[in-house]
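Below is one structure. I have some questions about it.
A, B, C, D and E are the chain letters, set down in written order, and residue numbers restart from 1 in every chain.
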Amino acid sequence: MTITAFPTEAVARAPRTFMQEVIEDTPGGNPRLEMCIQCGTCGGSCPSGPDMDYSPRRIFAMIEAGMREEVLRANTFWYCVSCYLCMVRCPQEVRITDIMYTLKRKAIREGYYRDSSASDAPDFSETFVDAVMKYGRSFELGLATRYHLRHHPLDAIKLAAGMGLNMLRRGRMDLTPRRINNLDQLHAIMDKAKEISQAERAQIGGGA
Amino acid sequence: MSEERVGVYVCHCGSNIASVVNVEDVAVWAKEELADQGVVVARDYKFMCSSLGQELIQDDIKEHGLTRVVVAACSPHLHEKTFRTACNRAGLNPFLCEMVSVREQVSWVHTDKELATNKAKAMIAGGVERVVHHQPLEPLHVPINPATLVVGGGIAGIQAALEIADSGFPVYLVEREPTIGGHMAQFDKTFPTLDCAACILTPKMVDAGAHPNITLLTWSEVERVDGFVGNFTVTVRKKARYVREDVCTGCGICIEKCPVKVLDQNFEAGLGYRKAVYRPFPQAVPKYPVIDTENCTYFKRGKCKACQIFCPTQPNSIDFEQKDQFIQIQVGNIILATGYDLFDPRRIPQYGYGRLANVFTSLEFERLCNAAGPTNGDIVLRDGVTKPKSVGIIHCVGSRDRRYNNYCSGICCMQSLKFAHLVKERTGADVYNFYIDMRTAYKDYDEFYQKVLEEGVHFVRGRVAEVTDAARKPGEEGKLIIQVEDTFIGKQRRIPVDMVILSAALQPRADANEVAQKFGIACSTKGWFIEKHPKLDPVATMTEGIYVAGCAQGPKDIPSTVAQGAAAAARVLGRIQMQELALEPIRASVIEEKCSGCRICNDMCPFNAIIFHEDRMVTEINPALCQGCGTCVAACPSNAITGTQFSTEQIMAQIEGLLMFNVEGELIREMAYA
Amino acid sequence: MSDKPKLAMYWASSCGGCEIATLNIHEHILDVDAVFDIAFFPCIADFKIKDVQGYPDGYIDVCLFNGAIRTSENEEMAHLLRQKSKVLVAFGSCAYEGCIPALSNLTTREATLNTVYLDNPTIDNPNRIFPQPVTEVPEGTLFLPVFYHTVKSLDQVVKVDYTIPGCPPEPHQIWAVLQAVVTALTQGVPLPPSGVVGASNVAVCEECPRQRNVKKIKRFYRPYEVVPDPDICLLEQGLMCLGIATRGGCGALCPQVGMGCRGCYGAVPGVEDQGAKMVTAIASVMDVGKPGELDEVKLEQEIEAIFDTIPDPAGTFYRFSMAHSILRRTRVNGYDRG
Amino acid sequence: MAEKQFEPLIIGFTCNWCSYRAADLAGMSRAKYPPNIRLIRLMCSGRMDPEFALKALRSGADGVIITGCHPGECHYLEQNYKALRRYLLLRRTLKQFGIEPERVRLIWASAAEGARLAQELTKAVEEIRALGPLSWHNVVAADGDRPLELQHLEEVAA
Amino acid sequence: MKYTYYPGCSLEKNASAYHDSTMAVAAPLGMTFQEVEDWNCCGAVEMMAIDKMQAYALISRNLALAAAQTPPGQRMVAPCSACFLNLSKCDAHLTKDPSLAAKVNQALAAGGLHYTPGRVQTRHLLEAVVKDVGYAAVKAQVKRPLYGLKVAPYYGCLIVRPGFLEKFDDHEYPTSLDVLMRALGADVVDFPMKAHCCGGHMTQISEEVALGLIYRLLKNAADYGADVIATICPMCQLNLDAYQENVNKYFGTNFRIPILYFTQLMGLAFGMEPTRLGFGKEFIDAAPALNKIGVEPPERSKPERPSKDALPMPVMPEKE
């Protein structure tokens, strides 16, 4: 006698929709993205909302519609200042800010951010993170000069002459980076974390 | 080997069951394999519920002397009554029939025919094992007292009381405020017809107040409820009014002379004042005023007595010595129409209510545009004089929001449209409505929306993010700025206005849980009273003899509220006409010889059916109060409580039967240890 | 031998307390001696198994069998005594429902043997020697009884006529039963129907003089943590008491002296599983969670926090009735028993 | 032919007012779930006696599901809270009997949640399937030690 | 009360005034700090944009170090709002999501570390002062009340939102810092934008957008007559302080509002020397504003009597 299994596995193997992908790759439990009722509380609350290509609300509608590329090319999440106003106001308790981070990761990983009008933002994040990886602490001068030299060379000079100098003068900026003692340990941890990330992505495809 | 003679009937339900379950095979199997369990007849039939199908059972009962019947067909919620009645016709006690749901639980939810057939067999085995433990039961009969208690004197309660009273039966109408009328008395106009609320409500209030069959108990609250359907004893606290109703003529001189002005948080929604001796509004029913002891100078300092001094009646109507009275009334049925509370928008600080002067709640606005209200109907800003040039109306304040109330309050869209119309009509101001979805179902509602659109009211689809006085641009200075994403254009907008109206949610009464407990009815976590069935029994509750009407059951508008009040009254009248009521005999009872008096069960019953006899140290269950849930049966560590129709023996036997087979249909009974 | 009726008393897996309780009927023991011939009673007289084997079937009129079935020897003796006795009495909680020995059903045979022969701090067993059922020595083969995985009650291996519950049974109850037997034997009165004798049919609470109220229990205390009020129900004071789910007949001895009932008389008649009844009763009266008070997660946490004050619920609720419970034992190689 | 997969057998206890109706609704909306579950109707989850669960597990069930109305929505006001407490204490006790907590579950389902109930039941079947058979009769009979022949005892005695 | 102390990168140099003033006021309030040895950057808001696992691992290293170095139950304090958010959010997410916790611990194990979720509970410095020390104890230390100084209390975002452990203050209209400033004798002005965003890292990404955000705050504080803005976060301080000149240039305004850490104002009120409190490092000189501090409490201006026509205002719940 053959037993017909209940086809749960078949369901599990179906390709993930963009919506599912975003939901599953957002840490900290279900971000409730599917619960969005398009009320616009997020877009209305967002301090940088007026400067976004699409309001967060619209981004969610586009995710639902599977407009993957358009979403990942948007500047919306790069203009997110992580103030969490939308998140505490959302009547459906969608974890909007956390979803913005997920979109940032995807946009960087898949290279779409270069098409965004906020294409500098990921570089800023990366430059910042590079310093942290290298020294274990952030390094403002290095960050400012390296990032600005790459993106706003003129600003960099202005910065060096203006704000940077003022910061240095007021004793508010280090000339050399500070390092933590056990850098080897940090590197080992971060390498392993990266490895886990990659394994995770390989397993589910396209995620995290 | 069972001594009972069991008949098993397997329904094809056309092809609904037969297409998945091999019904013929099941019937043959039952006859052969369940003979030890007592099965003497097993048949399959196209439609068991048809009159021919029923006759089949009836004939078998007579011919084969069946003592138990198992019908494997659809859900018992559909046809249990049908088959019980059929058994009864053939002289078999209806409770000796058991249904097995092989349609809803087998053929409609499973696809593999073999496994489905196995499951159907196992379920029938469970039914057969169970049914032999059934007992013949007789319904309980209780007489119905023709008097009715209506709690809450809003429009729902008034309507219900009048319907019953007009039919010639006595009604007690209890209201905790000094007057009946409820929220509706505070409103100005009613949507969609724009009738004046007072014009249509006050005649009904007067009718209720003067009706020979209605005993009005205002300024009163229900203290406790004893008894059960048909025979409730209700204790009502009649709070001291300090005004003698037997002599007061309602002339109002005391109110005129009272020197104390008090902010009226209730009727005037904090927007107007009343005196320390007051009547909420001139048309109040009854007309007698009441003294507010918290603010009365005499009660605070022992001096003043202006009201008493100027009272023209003989003897004097003012009686400072009056005490709360407790009145016991006997009623057969109870209607709860306790209404709603308004959501407090101070809980959403970003809308600025309480901080920004010109943000108003919907109830404040009702008073503002009411001709009898504090501004005589002038729509003005908080300064009392300036007419607004622009007004924003925010929908869904505290509704459709998981952080506050996740339901739709139902009335706010129409109410906001009404406000928009009134503002437009009386001030000509620019009006903006901010909404998530426009909900204008029901008769003439959407037409009203059309009309308001025609009037040039602006509609912005977007839930308002915040209302602020923090101006950024010159045009915003001194205004209230409504920040919102206009979701149709996908951009953030900042719209400066002079006045903001918050369409606040309807919420359950703050003390709804206590009230529900007092009356022994179910209440959702939120605090709405739960009806017996959301669609098919919307005004009855799980507790026999108690009905709900109006917003106490859930947010609703005036037409629905009135309809529910009338519906509840109709249900009560039906009961009164029956004079006697038969109750389902699913009940728990204590076997006194087994009861050790441990009192574990004593706190199990929310219907207060469990009584402990201190003298004999045993527990007893009042069968008229028992609702048959079986919680005490499961709690008793001595198995001294049994539940009819769901006894431990019945369930244990059913478990045995269900586990006759494994999923593949192999016998497992013999594998189990002794 | 005289023609007096023959009495036997045997101990299987037990502590010997039942024998002491039997002797505790004081001067009535003389009546017993006057009425009966002792046919087998290893505790007080020297008998050999072969003596019993030599008896004709049904030779013993009454056999009081105490102790649980823990080893193959226990089971052999149960079969033997059943064969030789007219009336076989499961005497005391061990024979009736496993009692303390059956608590080891919550663990495995290996774990029990390890504890006894290896892990106890007072044990010195460097060669890790365990008793073996069969051992070859130069002189021949030695046999030891087999140690079972699961402790059973007497009625799970042979048919039992009567059961006297209790750990141990109360002497006045023992004497009452013996008296009834004596009357039956001497005056030809028929014996009562088989079943539990020497006990009440109602739970211990009925005999307990403590004052009882509606129960709302906030948490449980271990006996050393509080001094209980002498007049109020112990359970209501948060002290675990199995009296609610335990057959009476003892006179509520333990609760009277401030110790919660341990449950030794077993379940109340009509109840299959004493432990399950404790679970349902205790959980029913915990004072936590009214509608609308707590959200679901928090509610569960609060309930769990209260149940944390009941360490070892299975060991507490099934202290005496494990072998006779519905599940009887824990799963070997089952889920981690935390 | 593929290797026969283990088919767990599960007894579900339902409340007459919510979960039994949810099962009706699952049927009416043809929501599929595996045939491994057999339901018993109680008036309320408050009727759920832990003995029922033990009985089912002993008599061949691999799992037990208790269902009731969501907290706060009990048709008998608050009896599901008692069901919850009994369930949690039962689960603790069963843990000591080596029974995985996943085998005995509590699911809240309102009368409107037919599809969800079907989903939850499916999930329960799959998770209990993953745990493997319980076969309590084997657990109790796991001795493997038959009583020795009487003669061995005789020799010892001699 | 003893705390585990996680200063965060900013407090080392850029916000050293915050660190210095925190240390200065801690002693009289009975707070002692044990700094996490060899802590690393929390990743600010950047790490999460790059790699989820690395972001959690980076934060968790700090939690693991803190757990190893300090006794159980000892709370961690972070003066920086971003650090506070990251530390508490990470702990909350690890607690909620055991599979995430398992992966993070796999990464930590590569460095010989382990962290049990829930072990280290983090509070923001303000929360510790308000909840553990209490307003009364702060008030008791005041020797030179800040009479007449109009303070706009600025909370920013991350201390009040989204709130992981327990809600510390209202998401939208917090009041704890208001009450604290009043305890110091300061005159607290209404500041509707007190929990709106300072722009965060937006200054680096789109200065235009950032200046707009900063402008809103400065304008709102100025509209309500604030002499100084009290902050609780180094990022907020930096944005409002260092970019104030740029705002003035861009919008043609002339704001000169010093941005001070609440600990600096506490120190002043406690009668400490300004140099000990890191004054002088601010871009907008605080001296003119501080000169306004009077010796006498200013006379309370009587609330304007509403006109007889005016409708009553809704009653607000009692504050403090």
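In this section, a contact is a pair of C-beta atoms (placed from the backbone, for glycine too) under 8 Å apart; a residue touches a chain by one contact, two chains touch by 3 or more.
A quick note: this is a predicted structure, and the numbers were derived from the prediction, not measured.
Chains touching both subunit A and subunit D: B.
Counting only chains that touch, the fewest steps needed to get from subunit D to subunit E is 2.
When the interfaces A-E and B-E are ranked by C-beta pairs in contact, the top one is A-E. Look at where the CA atoms of subunit C average out and do the same for subunit D: the two points lie 29 Å apart.
Subunit A and subunit C have centres, each the mean of its CA atoms, that are 65 Å apart.
Separating the CA-averaged centres of subunit B and subunit C is a span of 53 Å.
Computed centre separation for the pair subunit B/subunit D is 34 angstrom, with centres defined by C-alpha atoms. For subunit B, residues that reach two or more other chains under the stated contact definition are 111-112, 115, 350, 466, 523, 525, 604, 631, 634-635, 664. Residue positions 172, 216 of subunit E are each in touch with at least two other chains. For subunit D, the set of residues that touch two or more other chains comprises 7, 32-34, 49, 51, 55, 58, 71-72, 74, 77-78, 82, 86, 136, 140.
The touching residues of subunit C, counted against subunit D in their complex, run 48-50, 53, 72-73, 75-76, 79-80, 106, 133, 143-150, 272-273, 275-277, 279-280, 282-284, 286, 288-292, 296, 299-300, 303-304, 307, 310, 312-315, 317, 325-332, 334-335, 337-338. The residues of subunit E lying in touch with subunit B in their complex are 170, 172-173, 192-193, 215-216, 219-220, 223, 307, 309-317. Interface of subunit A with subunit B (complex): residues 1, 3-4, 37-46, 49-50, 54-55, 57-58, 85, 89, 91-93.
Of all residues in subunit B, only 263, 265, 270-272, 346, 348-350, 353-355, 357, 361, 364, 368, 374-375, 380, 382-385, 466, 468-472 touch subunit E in the complex they form. Subunit A meets subunit E in the complex at residues 25, 27-29, 47-48, 51, 78-79, 81-85, 87-89, 97, 101-102, 104-105, 108, 118, 120-122, 124-126, 128-129, 132, 136-138, 140, 144, 147, 163, 166-167, 170-174, 178, 180-182, 185-186, 188-194, 196-197, 200, 208.
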